[in-house]
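Okay, so chain A shows up in both of these, paired with chain B first and chain C after.
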Partner chain A sequence: MSSPIPLLSSLAAETHVPVVSPGTADGVFSLAWLVIVLPLAGAAILLLGGRRTNAWGHLLGTATVAGSFVLGLLMFFSMLGREVGERQVGQHLFTWIEAGGFTVGMDLLVDPLSILFVLLITGVGSLIHLYSIGYMAHDERRRRFFGYLNLFIAAMLMLVLAADYLGIFLGWEGVGLASYLLIGFWQHKPSAAAAAKKAFVMNRIGDIGMSLAIMLMFVTFGTTAFAGVSAAASGGSENTMNAIGLLLLLGACGKSAQVPLQAWLLDAMEGPTPVSALIHAATMVTAGVYLVTRSNFIFENAPVAQTAVVAVAVVTLLWGAIIGCAKDDIKKVLAGSTMSQIGYMMLGAGLGVAGYAFAIFHLLTHGFFKANMFLGAGSVMHATDDDVDMRHYGALARAVPITFLTFAMGYLAIIGFPGFSGFWSKDKIIETAFADNVWIGVAATIGAGVTAFYMTRLMLMTFFTKERWEPGVHPHESPKVMTIPLMVLAALSLLGGLLLAGNWITDWLTPVVGEAHHEHPPIPAWALTLIIVVVVAAGVAVAWFTIGRTEVPREAPTDVSVFTRAARADLYGDAINEGLVINPGRHAVTGLMAFDTSVIDAAVEGQASGVSGLAMVYRKVQNGFVRSYALSILVGAALVVAVMLVVNAG
Partner chain B sequence: MNTEPYILLSAILFTIGCVGVLVRRNAIVVFMCVELMLNASNLALVTFAKANGNLDGQIAAFFVMVVAAAEVVVGLAIIMTIFRTRRSASVDDASLLKY
Partner chain C sequence: MIDFAKPDIEYGLLWPLLLIFAIACLGVVVEAFLPRGRRLLAQLALSLVGCVAALVGVVMVGLDLSDHGAARGSIVAEGALAVDGPTVFVWGLLLVITVCGLLLFAERRLEGGVSAFAGQAAALPGTDAERVASSKGLDHTEVYPLMMFAVAGMMIFAAANDLLTLFVGLEVLSLPLYLLSGLARRRRLLSQEAALKYFLLGAFSSGFVIYGIALVYGYAGVMDFAGINDAIANETGSRTMLLIGMGMISVGLLFKVGAVPFQSWTPDVYQGAPTQVTAFMAAATKIAAFAAMMRLFYVAFGSERWTWEPMLWVIAVLSMVIGAVMAVAQSDIKRMLAYSSITHTGFLITGLVGIHSADGLADGQITATQSVLFYLVTYGFMTVGAFAVVTLVRDAGGEATHLSRWTGLGKESPVVAGVFALFLLGFAGIPLTAGFAGKWAVFASAMSAGAWPVVVIAVLTSAMAAFFYIRVIVLMYFYEPVGDGPSVTLPSFLTATAIGIGALATVVLGVVPGPLLDLAAHAGEFIR
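Now for the complex of A and B:
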C-alpha cells in the first residue's frame, strides 16, 4: 500500500540545498501580480463602496478569487510544461524601500512551492466564498464579510508569492489583520471580540520572532531577499543560523498555533464557520509550515533550530489531539484536530529535506479534508439553528444526508483510512519520522490513533447514536450553494492522494527543497503502514465501544477523570499563560506603579510642596503697609549703593 | 565752585524726606516728604550741572519738576477719595491689598 522507498539514494549523503535564482517572468507569469491584485481590488471595492455594493458584493468577492484561481491554474499548467530548471520565475514590480545601500524590491516569486499554495488558497478559497454566499445569506453585514475574506486572500497570496522576507512579513501581518477582523466578525458577542484580541496579541508575540529573524538576516547577509539569503546561508556561522531559525520558528508557532503559542486557535472558533475553514484550517495557520519549508536553506544549516521544530511539532500534535478528545463543541474538536495536523506538517518540515515535500503534501490534503469538515460542521450548525454542542446532535445522518456523506469523506481522510488522501500523506510523515528517530515515529503513530478516536467520537455523536436535538429544532439539508463546495472538497479529500502517484509531489518540489535522500526506517515500510492502520483501527474501536455503544448524555458528565478535565480545559494552556506570563506581568506592572507613585511622584510632589510651604512663609512680607514697602525700597537702594561703592573702590 | 554745601543740604533734605515717609502716618505729610526728596534730588542735579558746566542736570531737574507736578495732581486726588470713603488719611489704614 505504501509506495516503495527508493534504494541507494541514501548514498548521496551530501545535502544539497538549492539556491533561489528565479528567471524573469514571461507569458502568463507576467500576470502574477494580478493574482494578488484581483482579490485586493475586490476588498477595496467592497469595503470602500459601502452599502451601494450590498446587492452584488458577495458575487464580486467570489468572482475575484475565482479569477485568481484561473490565473493560478494557467501558471501551473505553464509551469508543468517547462523544464525543471526553468520553473522558478521572479517578477519585479517596483522598488519598495530604498535607504542607502539597503534596497527592498516588491518582487514576486512563482515556483513549484508557491504555485501549489496559490492553487490551494484560491481553489479552496473560491469554494469557501461560494459556500459563504449561502451560509451568510441572512447576515446583514454579508458584504463586509466578503470584503474581509477578499482582504485575507490577497494578504495570504502576498505571503506565499513574496520573494523577500519583508514581503512575507507584509502578507504575514495582512493575514493577521484579516484573521482578527473575521474572528471578531460578530463583534456584538463579547466572547468573539475577546477571541479576536487574544488571537491578535498572541500572533504579535510570534511576529516579534519573525521581525527579529528578518533583522538578523539583514545584519548577517545584508539582504532579506530569498535569492541573497539562500546563496549566503551556507556560509553563515552555525550560531547565527540557529538564532535565525529559532526566531523564525517562534513566528511560525504564533501563526500556526503551535505550542507554546497555541492557545488562541480554540477561541478563534468564535468566528463564522467559513472563516474557521478557510483561515483557521486550510490556509493561514499553515503559513508557519510554509515559512519553515521556504526557509529550508536556513534550517538545513541550523541543526538546533531544526530539532526545535521537531520538538514543537511532536508536542503540538499530541497536545491538539488530546484536546480534541474531550471537547463537546464540534468546532473546537476540529480546531484541536487542526492544531494536531499542523503538528504533523511541522514534524515533516522539521525532519529536513526528507520531509519537506511530505509536509507540503499533508498540508494540501489537510487543506482539502479539513476545509471539507469545517464546512460540513457549518452545514450541521445551519441545520440545527447554530448549535455547536455535539451533545445536542445525534442521528443527523438521515436529516442531512449530503453533509453526512461529504463529512464522512473528510473523516476517512483524516483518520488515514487506506486509499483516502490523509492516509498517504500522514503515512509518509510517520515513515520519515521513524527513519529519523524511532521515538518520534512512535509519538506520531500514537497521535494517529488518538486522531482516529476523537474523529470517530465526533462522527458518532453527530451523525449516529440517538437523537438529542433541542426542542423545536428541525434539521434540514443546506442549499445547493453550500453543498456543492462540500461535494468538491469531499472528492478532493478522497482523491488528494493522487498527488503522490509516481512520487509526483516530491519530484515537483525538488527544485525548491532539494533532492531527498531516503533513509531506511528500522522496519519495512509495509509493516509500518500496517502498524499505523492497526493503531488507527484501535482508535476507532475504542471510540465505538465508549461512545457508539452507550447512551450519550445531553449534559456533559462532571464526574470525569482528571485527564478529561485537563483536556476540557485545553490542557491548561490558558492557565499556563496566565501563571507564567500574564500574572507575573501584572505583578511587575503593579510594582512599577507603586515605585512610580511612592518614589518618583513623591520626589516631584515633595519639591512642589516644599516650594509652596516656603511661599506661605514669605508671603507674609506682603503686609499691605506702604511704609514697610518704602523701607524695603530704601534698604534695597542703600544696598545697591553700598555694593557699587565697594566695587568701584575695589 | 565749591559744591559741598549744596550737596550737603541736598542730602539733609533727602534724609528728612526719607525719614518722614517712613515714620509719618498722615498721607498728606508723607506726600510732602516725597516732594521734599524730589526737590533734594533736584538741588543735587542742578549743582552737578553747574559744576560740570553743561545743561544735562538742569534738563533732568525740569523733568523731575514736571513729573512731581503731575504726581501731585493724581496723588492728591487719590488721597481725597480715600479720605472721603474711609474718613481717614492714615496710610496704615489703607492696607487692604495684602497676602
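Now for the complex of A and C:
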C-alpha cells in the first residue's frame, strides 16, 4: 500500500530535498496513535483520579510510558525490515479543521526521523519515570508530579509524530504548558513560580514566530501539511521561504533556549531534578532542532534563514559554555552546557543536508549523557540534603561510588573523550562545520575546549578535591531504583557512538533529509580529530591546574575579573531582556493606566466604609467621568474621520 | 395627492423576528395583568417557548433560502430588511445565546430564592421602600420582556438593509439594555451608575450615527445599501460628505462593539451591570453589531473598500493592544473580562478586514464573513459561560469579583475552577479549544487580504493576552486560599445548563471546528 518516495522532479536544483509522501499505516504502525494515547490516558487518570490513585499512580505513570516505548521499539524493528522507500508511514486519525478546500487532518507521520525521537522520548522518559519513583518518594504530591510528566510525554510525542505544522503546534503548546507546570511544581518556592513564569513568557515569544510561520505557510501554499508544503516548497519565492524559515527559527530559539531567547533555561532548574533531566536536557529543548530538521524542505530553499540558524547556533554554543564556566550551582552548570550542546545540534542542522543527520546523532547521544548527568546531579543532591552549591561538595567519589562512576561516563562523553558517544557525534559536527567555513569550525573547536574546562571543573569540585561538606551532612548512595537508570544511561553514554557504525545513522536518515554529497574539509579528517582532541586535553589541563591543584574556597570569591562577573550574571541576558522588553512594557502599562481612573476599583475595595460614603464618592465623580468618556469618543470620532480623509487625500 | 400603497411584507421569511416582537409585547401584558406570584413562571415559559419556536423558524427559513447570485436569500419588507445566509446564521446564534441568557436570568438559588435583579427597581437605594422590597422578597419580572425587545432589536440590526432600519434596530436593542444594566439587586449604586453612563454615552454615539446617516443620504440620495453602493460607484456627489458620513456611522457601530477608542464605557458597564445581563449583553450585542457592521461595510460601502480598510486596521490594532495591556493591570475579574472582550473585538475586526467575496480568494482560503461568523460563535459561547461562572463565586456581599478572592479556588471547588480555566484557555486561543480555531480563522482571513501587519500585532497581543488568562489559572490552582477563601454556591440546573452548553461548545468547536466552519461558509455572501 505504500509508495516509494518520489524525489523532487526538478533535478536541476542543487539539493535533492525528499518530499514527504507517506504510505498507509499497516501492521504495528496502525497502533501509532496508541503511542500518544497511552501516556495521555495515564495523565488523565492521575490528574482526575484524585487521592484514590495515590497508592499506585506512580507505577501506572511509569507503565504507560514503558508501554509506549515497547510500541516504539516494535515499530522501529518493523521499519528496519522494510525497503528504504517504504519507511514513511502515515496514519489519519480524524479531520480536525475542514473549510472549503483547506483541510487539517489529525495525521501522524512515522518515518526514520520521528521514530528515533519516539524511542528517545519514551526510552529516556521511562528511565526518568523510574528514577522519579525514588527521587519523589517523600513528596506528598508525587502522583500529581507523575501526571504532569505523563502529560509532557504525550505532548512531546504529539509534537514529533504530527504530520502537519498545526499538529506540531498543538504538541508545542502542550509541552510548553507541561514544562510550566513542572518548573513551578514546588510552588511554595517563590523562585520556582518566578522561573515558571519566565519560561512561559519567553516561550510565548517563540510561539509567536511559530504561529506566524504557520500562517505564512497557509497563505503561501494553502496547506500546512508536511506533504503539501514539501511538495510546493521549491516553487515558493526565496523571500517568502526566508521569512518562513526565520519565523520557524524564532520558534526554535524559544523552545531550545538559543540566543536571544536563552534566559529562561537557567532559571528553569528550579524544578525537580528529573524534570531538568527529562525536559530541559533530553527532550523538550531539542524540539527546536527537530523543527529545523523536519522543515529541511523549507530551509534548503531559504539560504538567509539557514545562515541565521548557523549564526544563532555559534553564538549560543559559546554563550552557554562561558556561562557554564562560572556557575557554582551544579544544575546551572549543566544547564549552561545544555544550551551550548544544543548550539552544536543547531549548527549541524543549519549546515544543511550534510549536517542534519549529525545534528540528530548528537541530539541522541546528548539525550543519553545529559540525562545521565542530570540524574547523577540529582543523586548527588539526594546525598547532600538538596544542596546544589558545588563549593559545598568535594571528595564525594568515595561517598557515592555508583553515582560517581556513572557520572564519569557522562563526563567523558560530553567532553568528547575518544571512544565515548559524544566524541563521535561532536567530532562529526565540527568536521562538517570546517568543510563549510573555517571560522565556524574554529568557533566550534574552541567551544569543545571550553566544554572540557567547565565539565572538568564540575567533576573536580564535586567528586575530588577536599571535603567541604555542610555540617551535619552525611552523604550516602541513592537507592537502587535511582541508580539502575543511571547505569543504563551510563552504558548508553559509552556506547551511543555505535549508531555511527558503518554510517548507519546517515543512511537511516537519508530518506528524510536527502543524500549528502561529501565535501572535504580543508585538512584531512584524522588531523582534524587530532586537533580537537588536543584542544579538549588543553581544556582539561587548564581545569586541573586552576582547580584540582588549588584549594577551593567555600564561599565564591568576589574579587574576580570582569569576565567572570559577566559569566556569573548569565552574560547579562536578564539585563538585556529587562532593558529592551520588560521596562518599556512596564512604562507603557503605567502610562495607559493613567487613563483608566480606577475610582470604581477604589470604591469597590473600600466597601466597608458604608453605603452612604460610597454614594457620595459616586455622586462626586459621576459627572467628570462621563464627560471624559464622551470626550474620548469625540476624539475617537475625529480620529476615524481623519484617517478616512487622509487615506482619501493620499 | 400621495398614493399610499400597502407595503408587501414577506411574513414567511420574517415570522421568527415578528414572533420575538410578539412575545415581548405579550410579556408586557403578562406583567400588567397576571398576579405577582404567577408572573415568573409565565414570563419564563413564554420567553423560552418563544425563543425555541423562533429558533425552529430560523432553521426552516434557512433551509428554504433561494439562490440569489453569489448569495442566498432575498431582500424583504420593501427593501428594509435582508434575509440572507449571514442573517439566518446570526439570528440562530442570537437565539441560542438568548436561551442561555434566559436560563441565567431565571436562576434563583444563588440569591437564596430571589433573582439577581432588584426587587423594586423604582425604590431608591438606601430608602425604606428598598428595605421593604427586599424584606418581602419582591421579585420583578420585567427583565424578560426587556430582554425580548433587545433581542428583537438585535435581529433587526443584523438584517437591516437600509440606513434608517439600521438606526431603528440600534435604538431598539440599546434602550432595553440600558435599563437591564441598572437592575442589579446588590451594589445598586454601581449598577445604576453603569446604566446611566451607558445610556448617556450610547445616546451620544447614536447622535453620531444619525448625523452620519444624514450625510450619506445627502451624498447618495437613497437609504438602501445597494443604492448607496451604486451611488458611490457612479461618484455622484461630494466625496468629503460621504467620507465624513461613513466615519460617523462607523463610530456608532464601533461604540456598540466596544472598539478602542470607543471602549471607555465597557469596563464600567460590564462591571456594574448584573453579571447575568453582562453575560447576555457581552455576547449578543457584539454578535448583532458585527453582523450589521459587515453588511454596512461590504454591501453599502463595498466599492469604497480602500477608504475604510486603513481605518479598521488602526482600530483593530488599537483595540487588541490597549485591551490586552489594560487587562493585565486589572484586579477585578469582571473588569478583566471586559478588557478581554475589547481585545476580542480587535480580533474580530482583524477578521473583518479580510476579503468578503469568495471570488477574490484562492481555493482553500476563507472569506472574512465566514471567519467572523465562526469567531462570533466561539466568542459568544465562551463569554456566556465565563460570566456565568463569575456568578457562582460568592461571599457574604454577593459575587466576589475581586481577583484576590479567587485565590485557591481550585481547592475549594475543582469543577468550577476547571470549567473557568477551560474558558480562559479558550479565550487565550490554546489549541484544541474553540478560541484557537476562531483565532486561526480570522488571522487566515486577514492574511489573505494582505493585512499581515495587523496579523503580526494580533499574534503578539494574543501572546500577551495569554499571560493574564494564565495568571488567573495560576491564582486558582497554585496559591493557597486567603483567609476563609471564596465559596462557590451551587447553582440550580438553569445556570449549570448554560455553563455546560458554553463548555461543551468550547471543547467541541476546538476539536472538530469543521462542520461549523462549513456552515458559516454555506451562509455565503451578503445579499445586495
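Just so it is clear, the second predicted complex is superposed on the first by the 574 of 650 C-alpha atoms of A that agree within 3 Å, B and C clash if a C-alpha of one lies under 4 Å from a C-alpha of the other, contacts with A are read in each partner's own complex, and residues count from 1 in each chain.
One rule holds in what follows: contacts are C-beta pairs under 8 Å (C-beta built on N, C-alpha and C of every residue); 3 or more make two chains touch, one makes a residue touch a chain.
Remember, predicted model here, so these are calculated numbers, not experimental data.
**Student:** Just chain B (first), just chain C (second), both, or neither: which does A:470 touch?
**Tutor:** neither
**Student:** Classify the contacts of A:97 with the two partner chains as first (chain B alone), second (chain C alone), both, or neither.
**Tutor:** A:97 contacts chain C only, not chain B.
**Student:** Can you tell me whether chain B or chain C touches more residues on chain A?
**Tutor:** Counting residues of chain A touched by each partner, the higher count goes to C.
**Student:** Between chain B (first) and chain C (second), which, if any, makes contact with A:626: first, second, both or neither?
**Tutor:** both
**Student:** With both complexes overlaid on chain A, does A:238 touch chain B (first), chain C (second), both or neither?
**Tutor:** neither
**Student:** Go through chain A and flag every residue that touches chain B in one model and chain C in the other.
**Tutor:** 622, 625-626, 630.
**Student:** What residues of chain B sit close enough to touch chain A in their complex?
**Tutor:** 18, 21-23, 25, 30, 91-92, 94-99
**Student:** Which residues of chain C touch chain A in their complex?
**Tutor:** 125-126, 189-190, 193, 196-197, 200-201, 204-205, 208, 239-240, 243-244, 246-248, 250-251, 254-255, 260-262, 264-265, 267-268, 271-272, 306-308, 310-311, 314-315, 322, 325-326, 328-329, 331-332, 335, 362-366, 370, 397, 401-402, 430-432, 437, 440-441, 443-444, 447-448, 455-456, 459-460, 463, 466-467, 470, 474, 478-479, 511-514, 517-518, 521
**Student:** Taking the complex as given, what residues does chain A use to touch chain B?
**Tutor:** Contacts found on chain A: 619-620, 622-627, 630-631, 634.
**Student:** Inside the complex, what are the residues of chain A that reach chain C?
**Tutor:** Going by the criterion above, the answer is residues 94-102, 166, 169-170, 173-174, 177, 184, 187, 193, 200-201, 204-205, 207-208, 211-212, 215-216, 218-219, 222-223, 588-589, 592-593, 596, 600-601, 603-605, 607, 611-612, 614-615, 618, 622, 625-626, 628-630, 632-633, 635-637, 639-641, 643-645, 647-648.
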